[in-house]
Each structure stands twice: as C-alpha cells, then as structure tokens.
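Below is the structure I would like to discuss, written out as structure tokens.
Note that the chains are named A, B, C and D in the order they appear, and that numbering of residues resets to 1 at the start of each chain.
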Amino acid sequence: LEEFHRIRRLTEALCAPLSPEDCQLQGFADASPPKWHLAHTTWFFDRFILQELASPAGSHVPFDERFLSLFNSYYQRLGVPFTRGARGVLSRPGLAEVHAYRAHVDEQLVQLATRLDGEAAAELERRLALGLHHEQQHQELILTDIKYSLSLNPLAPSYFDAPLPEATVVATTERFLPVEGGIVEIGHAPRRGSFAFDNESPCHRVCVGDFALASRLVTNAEFEEFVRDGGYRRSELWLADGWDRGFQAPLYWRDGGEFTLHGLRPMAAHAPVTHVSYYEADAYARWRGCRLPTEAEWEIVARRESASGGNLLDEARLAEGRVGPEPAAPGSSQLFGDVWEWTASAYLPYPGFRPLCGALGEYNAKFMASQHVLRGGSCATPRGHVRATYRNFFPLETRWQFTGVRLARDL
Amino acid sequence: LEEFHRIRRLTEALCAPLSPEDCQLQGFADASPPKWHLAHTTWFFDRFILQELASPAGSHVPFDERFLSLFNSYYQRLGVPFTRGARGVLSRPGLAEVHAYRAHVDEQLVQLATRLDGEAAAELERRLALGLHHEQQHQELILTDIKYSLSLNPLAPSYFDAPLPEATVVATTERFLPVEGGIVEIGHAPRRGSFAFDNESPCHRVCVGDFALASRLVTNAEFEEFVRDGGYRRSELWLADGWDRGFQAPLYWRDGGEFTLHGLRPMAAHAPVTHVSYYEADAYARWRGCRLPTEAEWEIVARRESASGGNLLDEARLAEGRVGPEPAAPGSSQLFGDVWEWTASAYLPYPGFRPLCGALGEYNAKFMASQHVLRGGSCATPRGHVRATYRNFFPLETRWQFTGVRLARDL
Amino acid sequence: LEEFHRIRRLTEALCAPLSPEDCQLQGFADASPPKWHLAHTTWFFDRFILQELASPAGSHVPFDERFLSLFNSYYQRLGVPFTRGARGVLSRPGLAEVHAYRAHVDEQLVQLATRLDGEAAAELERRLALGLHHEQQHQELILTDIKYSLSLNPLAPSYFDAPLPEATVVATTERFLPVEGGIVEIGHAPRRGSFAFDNESPCHRVCVGDFALASRLVTNAEFEEFVRDGGYRRSELWLADGWDRGFQAPLYWRDGGEFTLHGLRPMAAHAPVTHVSYYEADAYARWRGCRLPTEAEWEIVARRESASGGNLLDEARLAEGRVGPEPAAPGSSQLFGDVWEWTASAYLPYPGFRPLCGALGEYNAKFMASQHVLRGGSCATPRGHVRATYRNFFPLETRWQFTGVRLARDL
Amino acid sequence: LEEFHRIRRLTEALCAPLSPEDCQLQGFADASPPKWHLAHTTWFFDRFILQELASPAGSHVPFDERFLSLFNSYYQRLGVPFTRGARGVLSRPGLAEVHAYRAHVDEQLVQLATRLDGEAAAELERRLALGLHHEQQHQELILTDIKYSLSLNPLAPSYFDAPLPEATVVATTERFLPVEGGIVEIGHAPRRGSFAFDNESPCHRVCVGDFALASRLVTNAEFEEFVRDGGYRRSELWLADGWDRGFQAPLYWRDGGEFTLHGLRPMAAHAPVTHVSYYEADAYARWRGCRLPTEAEWEIVARRESASGGNLLDEARLAEGRVGPEPAAPGSSQLFGDVWEWTASAYLPYPGFRPLCGALGEYNAKFMASQHVLRGGSCATPRGHVRATYRNFFPLETRWQFTGVRLARDL
C-alpha cells in the first residue's frame, strides 16, 4: 500500500510543473493530455477494482458515473470509448476535479483493501499490481506526450523550470560483444511475487545463432555522420514504408540542437540518439553493415544485468539524453534506461500465449499486429518498472517515444 | 477612452466564467481558443498602433517580441501567421500571462494617447475605433467558438453557471410586409463620428423589385415541420453542395432539445431557429415557396429601425434563443439581434470598393469570394456594434455561428 | 432534325482521334471519360424524351435498362447517380456498345418525332433543343477533360495527329473602351425560336456605373510579366482562398512552353492566357490596377457583337491558343471564343428566376452557390452554341477549362 | 527458352478476354491495369537484362527510352518511378504498342541468348529465371487486379465469357492433423536447377512445439456461421487495427452470392472462403478457439506434399472457388492452390538473409515490415510457380488477393 501511494504520488508530481492549460494539451491523436492520464490511470482502478470487486463486498460510491465511459481508453468490451484524438477537447472535468477523482478512488481503494480477505483479497492484490504497472506506463507517456505537445509551440517552452543538468556523457568506444547461440529460453518464468504482463509469457525455447551485440547505444554524433553521408536520401538503405515517409532527421533535432523537456538545447554529441522510428534505426544499422538485434538476442544478454541500473526515471527527475555510457563499464551497458531499443522482432504472441481474462485481455493482446518490440526502458521509465523480459511495442513509424538504436551482427 | 476600457473589460468578462483549460479549447480549425482571442485582440492594438504609431513618438516597450508573430491571425503582409488550426496547442503563454499582455498594451495605449496630437492623434483615434470594433467581433466569436468546443464534450457542459432565463417567447404570426422596389441606395454614407468597415462602402445604387419581407425570423417549431416533412431528404429543395454535406438537423439539436451555452435545454419552440447553414436556410425557404432576401432588400427595410433594439449581447449576459418576437410589435421585428440572417447575396465588393491601406486591407477584402452576406447581428453581438449597413460574411456551410432564416418573396 | 444529326455526329467526330483507352480516361473526379460523355449525352435524350414522352405514344424499347441509372450525371430526383469520380472505372459498356447505344436512341428519337404532333410535338422539340445544347456543352467538356487526362501522362501525348497550325497571333495594343453606365436590362428576352437556358432569365434591370472594358484578352506575354514580377508570391494581390492554394503558374505552362491538345508546344506569346483560376484572374487584374468586369458590364458590350464571330470550335478543328486578336479590329474583340472570361459576378439566380420543371430543374439551378459566372465561350465551344446572355459557371479554383482574363476598370 | 515463350504467352492469354478499356482499369492504387502488367513484366527483362547485359555484348536497340522510367514499378535505385496510383491514366502507349514492346524485347532477348556464353550466359539464365517467376507473380496480379476493378462496376461484368464450371465441391470433415514439434529446418536449401527468391533463404533452424493443422481450408459455409454469430461485431475476437476497419463480410460477398471473375454467382458453400484480411482470418480462428499456423508449421507439413497438386492456374483457366477438398483425400489437402493461407508470421528476414545485389535487392527485401506471410498459392497462381518454401506477403488489411484461412492449434 505504501508502494501504491508512492506511485500514485509520482504521477501527480510529474504533472506538478504543468499549468492547467498544459495539462489540456493533445499534440496529436496518439499523445494524450496529462490531465487525461491522471484521470485514466484512476479510471483503471475505478473500473477494474471498485466496479468489479467492490460491489459484492459493499457499498461503492462512484465519483461520477459518466467518467466510466469518458476515461475508458480502448476497452471495447466496456462500451464505445470516447474518441482518442478528441481527448484534448475535454476541458471539463477540470484539473482540480480530476485530482478530487484521484483522491476519491484512492480512499475507496484503501477502504476496500481493508475489507477484503481470502481469494478476493488476492485478486485485489493482483489487480492493484497490474494497475500500478499500468500507471507507471502512463508516467512515461505523460513525459513523452507533453514533450511532443510542447514541441509544437514556436516558443519552445520548457517542461522543467530547473535547467537541464550538464551532460556527463563522454565518448566511449563501441565494442561488439560476441554471444554464443543455441536453443535458449526466453520469456517470463512465473515466480511468487514477481510481476509480468501477460505478453511476456509463456517462457519458451527459441533458436538463436551466434551473434555480437554492441556494448552501447548509437550516439547523436554517430547518427549525425549517417545524416551527413546522405543516409536519409539513399534509398538502398531503407524499407519501402520508411522511405515513403520522407523523414529528414530525428524528430526533435533543430538546427544543430535539439528540443528537450528543458527547451531547446545544444546537441549532446555522445548521448544516445533518440526519437527515431524503426525505419531510421533499421536504415542506420544497414548503413553500418549491421542489423538490429532480435528480442531474444537482447533478452539473453540483458538478463545477466540488473534491470534497475541505468538512466531511468527517479522521483520526477529526468536526465534526458544527458547520462551516457559509463566510461569504463565492462560488458554491455545502457541495456536498461536511456532509450527504448528497437528490435528486429515483430510484436507477436509467444507460442502458447493466453491473454488476461475479460476486458483486461485487451490490455496487450489486441495490438499484436504491425508493431515491433522495443526493449530496455528509457530515461522516462520509472525505476522498478522495467525488466529483462519486458516487451514494449509501437508501430514502426513511432518517433515521439524515447526510442533509440543498439546494433547487432551475425558472427 | 472610457469606451475603450468598457469594451476591453467586456472581453475579459466574457472569459471570466471559463477555466484556464476552457480558455485553451479549439474545437475545430475555425474556432479559436478564448485565450487566443484575448491575446489576438490585444495584438491588433500592439501591432497596428503601438508598433506603427508609437515608434516615431517615443519609446515603445514590447511585452514579448515573439507575440507579434504568434498572435497574427491572417495578415500575410506581416509575415507567415502561426497555423490557424494549431492555436489550441499554445498552452504557453498561459492565461495569466495573456492577461498581463492585455494590461501592458492597454497601459501603453493610454500613455500614447496622451502623447500624440494633430494628425497622429486622429490616426490613433481611427485605429482605436477599428481595434474596438475588431474586438467586438471577437467577443461574439469567443461565445460561438466556446459553444462549439464545449458541444464536443459528452458531459454537455455549461458556459454559464446561472440557469438560462425562462423563454419569454410566444408564438406570433409571420406576416409578409410589402416593400416597393425601385432604384435605391445602399451602403455606408460617411458621416463625422460614424464608424463603418471598409466593406460597407461606397454608398451606391441598386435596382430592387417589389418584394415582401417576413415580419419575423423562422422559429424552431416551424423548422421542425420542415424536418418532419422530410425536408432534409428531398433533393429538389437543395443546392447541390448542401445536399452533398448530408446535414440532418440544425447543428445543436439533440433529441428534442438543443445544446446551448447553458448546457442541454428543451427546445424553445417559438425562438428563432439557429445554427443552420446557408444551404439549410435556402432549402427551408424553397420548401416554403419563398426565398432568402438579398442584402439590399434587407438593408432598405432595416434602416428604418433602431440598430440597438433587439436581442443583443449586454454585459456578458446572453439570452440565447430565449427572447423572441415581441408579441405585438408592429412592422418588422428581430431585424437586429437574435440571429444573423443569411441573405441571398454573395459577399462581393461594392462597386468602387477600396480596401484599407497596408496590411489592414486584408481585414475584409481578401475574403470576397465564395461566401454569403449575413445581416443584423445576433444575441452574441455586442449592443452598439451592429448597424443597418453592416455586412457579416461566412462560407455557406457555416453552422457554428448564430445563423438563422428570414423569408422573403417577390410581389 | 438535320441539326440534330450534325450535332450528334460532331460529338462522335471529337472522339474519333481517341483510342478506346483514351476514351476511358478520367484524370480527376471532375473530368469525365470521353466514353462517358458519349453515353451521358445519349442518356439525356433517352431519359428525358424517350422515357417521358415516348411511353404514352407507343412502345419504347430501352437499349439497356441499367444505363438509365449508370449514366445519370447528377439528377438526384431520378435516383442515386453513379459516383462521379468513379466513371473511369466503367470499362463496360465498351466503346462499341456505347456507339450502339447512341445509334439506338437516335433511331428511336427519329421515329418518335414522326409519331408525335400538337403539344406533344412541341414539347419534344423543346426537349430536343435542350438536349442538343446540352450535348454541345459536353462537346467542350470532351476536349477539356481529355486535355487534362492526357496532361498527366509523362509522354505528353497529343489528341490531334495533325500538327497545331502555326500561330497567327500578333501583338496588338490593349485599349480600354469607355462605356456609359445607367439602368440597363440584361438577361434573355424570350423570342420565338431563340433558345436560352433557364438561368439566363428573366430579363431584368441592373444599375451599372461608367466603366471601361479592355479591347482584348490578356495575353501569355502579359501574364508572364506578372509571373516575373513575383505576382504569385505577393500576398497583397490575392484573395485568401486563392493564396492558400499555392498556384505557381497557369495550369499547363511547362518550362517556357505549354501543354496543348497537340502536345507540348512553345508558348504563343500573344495568344490569350488560359487555364487560370478566378483567383489568378483576379490577382492579375489587381496587379494591373484594374478589376474583372461584372457579367452585366460584359453583356451590355457583347450584345453589340455577333456571337458567332471569334475563335470557336468548328467541325472538330480546334485552334487552341493560336488565333488571337485581329490586328486591326475596331471596337472590342475576342468577346466570343478563345477563352471563357471570368467575371466578378457570383453565379446566382436572376431576380424572379424559375428553374425548369421536374428533374430538369436540377440542370442549372442547384449550382447557384460558390461559383462565378464566365462569359463568351472558348475555342472549344461549338460555334452556334454561345450568345451574349449565356452564363457559364465554375468554382473559383477551376483551371482545366479554357478560362482567361479580360480587364475592366471604373471611370 | 520454350519455357520463356510459354510463360510470356500465358500473360498475353490472360489479357486476351479483356478489351483495351478493361486493360486500362485501375480500381485502386494497389491494383494495376492489365496493360501495365503487360508492359512492366517486359520492362523487367528490358531493364535488368537488355540494359545491363546486352550493352557490352553488342548493340541493344531500345524500343522506347522513355519506357525505362515509365514502367519502373518501385525500384528507387533506378530513378523516381511513375506514381503507382496513376497508372490507370496511361492511355498511351496503347495496348497494341505495348504488345509491340513485348515482341521487340522478346526478340532482342532471344538474339542476346544466342550471343552470350560463359558467365555472361549463366547470369543471363539466372536473370531470365527471375524474370519469368516475376512474370508469373504478375499473372496472378492481372487476375486479382482486374477482379477488383470489375467489381466496382455496377453491371458486375464478367472477365470470362465462358460460364463458371459448376462447383464440384462437396462438404468434407475438417480434421486436425497432429504434428510433433522440435528443432526443425525451414527455408530454401540451394540445389542445382532449383529456383527460389532471395527471401526464402537461408535455410535455418527454428523451434516448433507440438501442434495440429487443419486438414483443409475454412469454407464459405463455415465462415457464414461466424458472420451469423455476430463475429464481425464481437470486439473480443479482433485485433485493434482490424476492428477499427469495420469490415462486415468478405470483400466480394453480395447478398448471399459472391462477385467472381465470372460475374455474380451463388455462393459455393463448401468452397474455401476467400478475400479475407489477416484480421478476419485471425478473428475467425479465435472464434473457433484455434489460431493461424506459423509459416514454419505450415512449411514442415507442406513439404511432404507435391507443390504442383491442387487447384492452381492452368492455361488461363481459372476455377475460382469451384474446386474444393477432395472428398477422400488422406492427410492434409489444399495446401497448394485454392487460396493463399494467412500465417501468424510477420514477414521478416530469415536469420542471415542477404538480398540480391543492386536494384534487384529491392525486389523483396524492402517490404520486410508490417506485413504477414502467406503460403501455398491460389487458384490464380500459375502451376509450377509455387513451392513449400515460397513466402508471399501482404499488409494485414489486404483483401483483393485470393486469401483464405487454415486453422491450427497447440497440442
């Protein structure tokens, strides 16, 4: 329960630097307003716990019946959700009312937790865990969505008042660490107390060849060489769909600098390149004579490392693109944090996959088409949220997330 | 100068019931956020008076140089304006900063007014008058734009806290008042102290046949008969472009009620029908065996009446669709206020028309194509703003303004 | 009846140089395939004469019942027409079958004409006249539509095998001919045996000021000066809607030459500029310190001239942009033929206008919105089709018709 | 060389029933006109053999230089291709000229073949083989593209004059054939004289669990049960992207019948359902409690069978949806022919994949994103073209191909 309050408070802390107007912004259909995230993460508990578990146990007082439909993101089995691209038009409920909604649901949850026992309590605990991991995902989205929305303002406003900490990134050599292939197991092996999303299961065997994985992420300076070499104009490097999109540079590059959550900043040359689509990551890898790693390759290396290391989000402090590879780190580095790493693997169900029951089955399963897996978390991922088996996924053209590139090659 | 402060304050009063989030709303590309209206009306004074008249006279301290481009609406001669449809993304400057901008410009204007004399003072006065009429136009837009934006919210929120005053509208007979035609003069005849937009000039002669003009506006009840008679599905009543749009009812009709700035309300049967496009107005007239009046016909009748009568906007009190025809009014009524009346006249320059000089020439002249003239003002038009020669104009599909129908016919 | 066969044959002659594939082309939604024109002009007789007049008189044998719906252009009262933009997908019926359809309907019409007498015969005659004028309009469209469709082919194919006759155009001085204004009558005054479309009536009075009309059309060389002067990039010259379209040159200008129905050709400097939108015509006029004439101004000058003079279409010989102003012509010239002249007048009903009865009322009336009137015919208008009262109309952005510019100014 | 002529003649035979107008049809951007297929398949030989191999060996006389750019489909390395969606506008070159182009290139190829020897001859042979398999792919596209284009015509025209042979399909029981999993090899193992596309290589190991594969394809009757059960309206069965598309039935179902290349026909209840997207195939499988097979699962079963069995295209005779499962076939059936079978596998490079050199590398490689693999060929696939390792691929929403469903499930 302490964890519950800590995570819920972090969401609010992330919105604290934002004005009510900022909290209303929806820069494009996929980037939701911060206020919506505040409400929707609350709705998740309201809908899947208070509505479903509280009723038999006693008297659940809904905050506002209409919110059950208004803040449904995409669960078709719960009714037609409000239009995704129109979330920015919901000036009502206002920010204060949404905070009141949060407080109300939190209080009801705490009361419910004290009332339930046995299997009901266990189910509550499972759903609370899911709800909290859900909320952590939205914490990252609050940051990436507001970054996108603010980037459209010609004033290039800053999310953080405080200046961005100076980059501590120094140039390091990219090495390729050889890994012996074979029949390996990947995916989540259930253990008591360990959380994983349904899409990480079941644990299963795959064949992996011998390969080498880059010791660190591709940097801005390296990616700039690709740009200078005409990489964006050389069709032979590109997948057809990527070529057709006509990208010219990473999303937030601006005349030698980049737009960040601290406003316009000079480029940090040795920080990982970020805000690139799968197409750009793939073209860059081809230009280098390499390829992107598969998710299996990534996972079997990453599970040797601590998932809580790396440049992740702590207490609403975001060191965006400023913390790079440790100069003398032996072995792989930056596997967790910094940027989500595009993999060569399509986001598909693992053999034998079973989604969660009921509407919660829509959480991950219905997106298993036309997307690719990303691994490792980013500087905006809350510490404690990511793990070696974690499968993030986005359409290939996605650029507003903290996405980046790690190279691999066959041996 | 008193008038200046009165009008400036009214704009702020109109936004007073709105939260910062409401002030950020842009329901569609043509409906700007209230905060943008607050800033743009100020920009008008900043750009066309402080920038152009203050410099020679002394030291103008701009509030923020970047606002000169940011809040330019459509004056191409002043640089590329910020994208109209993206105004809703400008969370910064925030509402408080925009109010500070207003105060700053107001103060500078007052100082400037005391410094200038002679022709400079006369020019200042002319531009102040233009700026204030400009601001009054945006006062109406604040209301119509926020109405549209709020209408997209499934909660059907209300702009006004206070309940809508009960309708005082009673059914009256629609009579057709005969008017003798001939060679008549219309348009603005310059008189000292009288203001008119450039598009109302010059005064000129037109031929008008004998005609009859309806004594009042078409009501909701009457329009409902058209709907019930299948008016929206009878192609013979429609202009081709209107038919293709597939309208089904006035914009804000909802299951027997209508969405208003006071939220969802039962239909006021005898109030004027509003939020209809030119196509709907024209189809209704055809269904009745009538037609819409030309702007000349409207004007020669309207100039016999007082422009300040009628249901207009007073002190931020909007009696939307609640005040109807005076039961016993002799002669025409509702010519001013209630709803803008679609005319059969395309919005074109009068013979000999000359636009204002410089960028101000873009104010009215560049829209003289593909639009129709509306006359008479609406319940959202500030009292004192409209007059018999006033030419409002909108594209034919426009429905988010308070637009309505008055019938005419040949004799 | 001789006239009937002459006009029907001309349509076929216009399609004769085209392959079956050419006859299938639909370059964009508004440009119909030649084969469709062949069929639709036939449908007009089939539907409005054979279907409506033949039945009582005897046994009408339809060629194919399904054609009655398939080749309906836009008459909503006759059922839902086949999608305009998809006409290019109708490979069946094939060209030969469409010619058979033509022959069948022609034969039935001739038979019918011999059978009817009295009012039935009179009505037949009226509809035949309408159908033939209708067919002449489509003759022009066959040429403008195929020109557009062929222009999309990188091979820049030629419609005519024969080379374009050498330009006989020589430079002439543009003079402004003064015309005294007053109360004038325009529109069609019914006379026995004279045909006019419903939109040319009734004859009515208008006020016209003193004005001057240019003695000839604006030439390519003159328009090129406008281009060189940055006319397309000077916002102060443009209506807002035109500016937003971002035009750069007349539609078919190509690197110093122009695409014609004879393929790519060097520019004929002194031929009238053509394929310009209303916006371009209007901007050019403003650049010259002039304006476009109103339709009344044009008409009162044009009715002094012979409508059958000028560079019109004869026997499928099109002298596109090659015949210019007669060097020594006294008075106005080029009023008929060469290019349709944009007027400053919106296409609206004349006072007291009554459309034709029944579905034929859709012919002209339902387009009376958001278009402008063009006058005088073009090099693609069949000789004998146009007259001083004739009102052509197109949306303001239209460029694929033979449209051009004649200047006017106030005196 | 005999094979060369046989395949080239088949392409022409497939177009023989079509009029020049039919050959011009482009129903939507992805469906090219038959004439374009005739030209582009010839271009392939012209560009990749005559242009690249003939020059050093002697005097290649190009038919028309401009065709080298005009009929380039998508090879960016050879210059900017003509707009895909505008192929239907190329009325020139006409059908006869395209046939002349074919004859010219064929003749030049034959001459070249007699001139070359050694490695040059071997390279010629490799490219000829590729060009012929390429042409076979377009043979299938000719049929699927014209089917789509004809389906848009309300006359529901027939491609074949001959009536569709009566269905010989009888109901058979669908059995699930168990297959033992393990580490298996899939992909193309190079053998002298065997052709495969680059995307079928290299042969590599994958882990496959125990599974069962349906003995036949899902039939129309079975799919209709899904429809009747509300399958298209039950969101829990659908991937999100599929749900959003709002499909209602297989593409060509029409009121109890279906549109075929023989026109409208009654539904063949026991023929395989076809023209379904991946989303529909996947939703159907979920409704049945099954899933789609992976490409590895499909391949290890299919390689036991003869690839030339099944209902494939022979000599321009297409038995569309009329030949079903052999009543008494032991083991799996319909693996080859009838319909392409959607697999659960994304179209991605096999481990160690190397595309062909030069522009030919664009043939398959650049589409390895956001598509799924289909296996087994269809009734429109030329016999001799398909094999067990063959990987077809299309975006998940594709419906105009002969696509269908085979079920699988875990054991």
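Quick note on the criterion: a residue touches a chain if its C-beta (ideal position, glycine included) is under 8 Å from a C-beta of that chain, and two chains touch if they have at least 3 such contacts.
Keep in mind that what you see is a predicted model, and the values were worked out from it rather than measured.
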item: Chains in simultaneous contact with chain C and chain D; value: none
item: Taking each chain's C-alpha mean as its centre, the one farthest from chain D; value: B
item: For chain A paired with chain B, centre-to-centre distance based on mean C-alpha positions, whole Å; value: 46
item: Where chain A and chain D are represented by their mean Cα positions, the distance between them in whole Å; value: 38
item: Centre distance in Å when chain B and chain D are each reduced to the mean of their C-alpha atoms; value: 59
item: Touching two or more other chains - residue numbers and ranges from chain C; value: none
item: Inter-chain touch pairs (all); value: A-B, A-D, B-C, C-D
item: Chain A-facing residues of chain D, complex; value: 74, 76-77, 183, 204-207, 209, 235-236, 238-243, 278-279, 282, 344-346, 348-349, 351-352, 361-362, 366-370, 395-396, 410
item: Residues of chain B touching chain A in the complex; value: 19-25, 27, 35, 66, 69-70, 82, 86, 88-95, 149-150, 152-155, 157
